[in-house]
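Chain nomenclature is as follows: A, B, C, D, E and F, assigned in order of appearance, with residue numbering initiated at 1 for each chain independently.
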Amino acid sequence: MNRYEQGIERFKEIKGNGADKSIERLKSLHPDLEKLIMEFAFNDIYGRPELNMRSREIATVAALAAMGHTAQLKVHIQSALNVGVTKVEIVEIILQMALYAGFPAAINAMQAAREVFDEIEANKINTSGGGISPESKKLASL
Amino acid sequence: MNRYEQGIERFKEIKGNGADKSIERLKSLHPDLEKLIMEFAFNDIYGRPELNMRSREIATVAALAAMGHTAQLKVHIQSALNVGVTKVEIVEIILQMALYAGFPAAINAMQAAREVFDEIEANKINTSGGGISPESKKLASL
Amino acid sequence: MNRYEQGIERFKEIKGNGADKSIERLKSLHPDLEKLIMEFAFNDIYGRPELNMRSREIATVAALAAMGHTAQLKVHIQSALNVGVTKVEIVEIILQMALYAGFPAAINAMQAAREVFDEIEANKINTSGGGISPESKKLASL
Amino acid sequence: MNRYEQGIERFKEIKGNGADKSIERLKSLHPDLEKLIMEFAFNDIYGRPELNMRSREIATVAALAAMGHTAQLKVHIQSALNVGVTKVEIVEIILQMALYAGFPAAINAMQAAREVFDEIEANKINTSGGGISPESKKLASL
Amino acid sequence: MNRYEQGIERFKEIKGNGADKSIERLKSLHPDLEKLIMEFAFNDIYGRPELNMRSREIATVAALAAMGHTAQLKVHIQSALNVGVTKVEIVEIILQMALYAGFPAAINAMQAAREVFDEIEANKINTSGGGISPESKKLASL
Amino acid sequence: MNRYEQGIERFKEIKGNGADKSIERLKSLHPDLEKLIMEFAFNDIYGRPELNMRSREIATVAALAAMGHTAQLKVHIQSALNVGVTKVEIVEIILQMALYAGFPAAINAMQAAREVFDEIEANKINTSGGGISPESKKLASL
């Protein structure tokens, strides 16, 4: 596999279900942008074995929250959940960012997290016939 | 213990040897600044049990590198080492920030990491009589 | 009263009518975020007697305009009006930010101010039967 | 002509068709904001002969993309096209910003460019009876 | 007086003793930069009567602290003192910025304030024969 | 040649005399950082033929000035001069950044430019026996 193919494979592992849609959206912005991201970000950097995916996503969620990149933050909150970071931990990373980037950044990031969590719940309810599972009850009281 | 005392205790756990010097420096800037940081940052936030210290420091190193706060970054690279993040992992977090904050931010952060790593080595050599330990050789080839 | 209760009380003084809605919105994002903001921001910091509320809100409007946090800026433009800063002064603070943060930041902040001013006018017209008061005429020519 | 009139004239040269609408929008935010921008930005700075308009717009597109000011970026992507920067060059400036400001900034800027390019195409199709011109085909494969 | 001369006059009023040195420094960077700052910043903006100098400097200190422009922050802390903002109020504005821009920004700004306050004290001692005045004692305990 | 070798070659073309020193400095921070920059920045991005080097350096100088990355800005001011951007144009790009990023960013960037210009002059004088060449006189009055 070349750099692009390996990047795509890793991106799909991290991103899960939404990967194809994300790839199509990047391609529609510009094919070279998508190619450079898959090759450099998801092969050359994320493919380095020196840091596990859980730690990588904690770092990314923190940085995107601090910088105010909410669209990309939502993508990486989903990725963080996929690689084993819990919702409670994501909330905690965002609260901690209030210390380093201020409360407006933390509030905006929490809004992004809330939207991701709500979408996940909505999908669960849709696919499970609407019953509230034990896990979704836990979410409601998060 | 009140909020301030608990904050001080936790700060010393995380920061290790340099804690007293850091506290004195903050006090010299303004006593209330030091008090608010110990109470709010190191008791109210870092004292929350929902995220372990290793994950907290990964998040903090990433955010400070992305935002370009190099003085505070150096402090937290030292703290990250104290709570079990390795030098190799710190390098990796910084390389990853090139993706989210650009290469100048990553270069400046790597410079900060290099300074912290070099200070640690210098201290080791000073206290060990100048011999190069196996670990310092590993650092040199990091 | 404890820190939280004092923070809530001060927040309501500053924020006026919209306080309950703001508190509910923060709680819906995460209860701990709301609690930490009321305790730390509106008790520990805003509760310090060394700076009056007018000066605090001038500082906050300036900083939020410069940093581009438009959602929070709108909240604090309303708070600034509540504690005695005039519309003309808010416009002036924003124009001054063009010097320090550039024109795009000033334009975005002026857009936020315009939206707050327009909402205030709309509410006045709604509650006064639609007649244009002398003050709203003044706004139109601001 | 005074500073304001010269600024307006230059702004119309750079901005083309949308100039009157932009001026009205700025005036509606605040007349003094519009006046200061025309006098200082478009007379005092853009009126300096030491740098041609093509180079000025390359610099502006780069800076706005890096800083994340997407609303103003869209205006200046249109201006850049008006003074002879090509779509391909704008895409390239944005890709280069990934190096200096990170991929989220580049993705957001590419989204802004895509919206400007799509609006131009939509206008062409509307005014040409809907036929796809050779140039719009080229755009589709940009 | 033309725009430049009026700007210079106002700059000297605000800046006090250090004005000539600041003007020379700006000229040495580039004469046109100095001219544009005096004309636009200190005539067109600071010369507007809608906001008093005290409020303007509170806004400027807040924004520069939040944005991390420490060199310019030091200049404006001195200017704020010249137009009647007290040292205690400056400390308070900086503490408040921890809420909006995070603690690293507040720590860096407090360092800048401390340096300005210390320079003022050093000058007093030099010109008064080294005796510690009542006011300097107050500073020491600030 | 592989990506790394091509990146090195292009970097040397752009950077001129100081290239080897820059490469060594990056390697001393971390070898992988240097490798990723040469491969991705100077091969994958700067190697794209869609934008000439003059335009690339105008974009880079503008973005680094706006973002406040002064160390990297100094490197790219030198690179810009190497690929045909004049000192007068660099001054002009920086003045224009006052509009988009504010005067503090422009002042800091002008300081960086002044340092680069002064170093160039110092080197000329050193290598030419100290005589002031016609060109250096022009610089003095820039």
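Some observations on this one:
Assume a residue touches a chain if its C-beta (ideal position, glycine included) is under 8 Å from a C-beta of that chain, and two chains touch if they have at least 3 such contacts.
Quick caveat: nothing in here was measured; it's all calculated off a predicted structure.
Common neighbours of chain D and chain F, listed by label, are A, B, C, E.
More than half of the contact pairs at A-B come back, by residue number, in D-F, the repeat among B-E, D-F or D-E.
Averaging Cα atoms per chain gives one point for each, and the point farthest from that of chain A is the centre of E.
Most remote from chain D, judged by the distance between CA-atom centroids, is B.
Because chain C and chain E share one sequence, their contact can be compared position by position; here over half of the interface residue numbers appear on both sides.
A straight line joining the Cα centres of chain A and chain D is 32 Å long.
Mean C-alpha positions place chain A and chain E at a centre distance of 43 Å. Touching two or more other chains at once are residues 36, 40-41, 45, 48, 64, 67-69, 72, 91, 95, 98-105 of chain E. Residue ranges on chain A touching chain B, taken from their complex, read 40-41, 45-46, 48, 50-51, 55-56, 58-67, 69, 72, 88-89, 91-93, 95-101. Residue ranges on chain B touching chain E, taken from their complex, read 26, 28-30, 32-33, 36-37, 41, 64, 67-69, 71-72. Those residues of chain D that touch chain A in the complex are listed here as 68, 91, 95, 98, 102-108, 110-111, 114, 142. Within the complex, the chain A residues that touch chain E are 98-105.
Residues of chain A touching chain F in their complex: 36, 39-40, 44-45.
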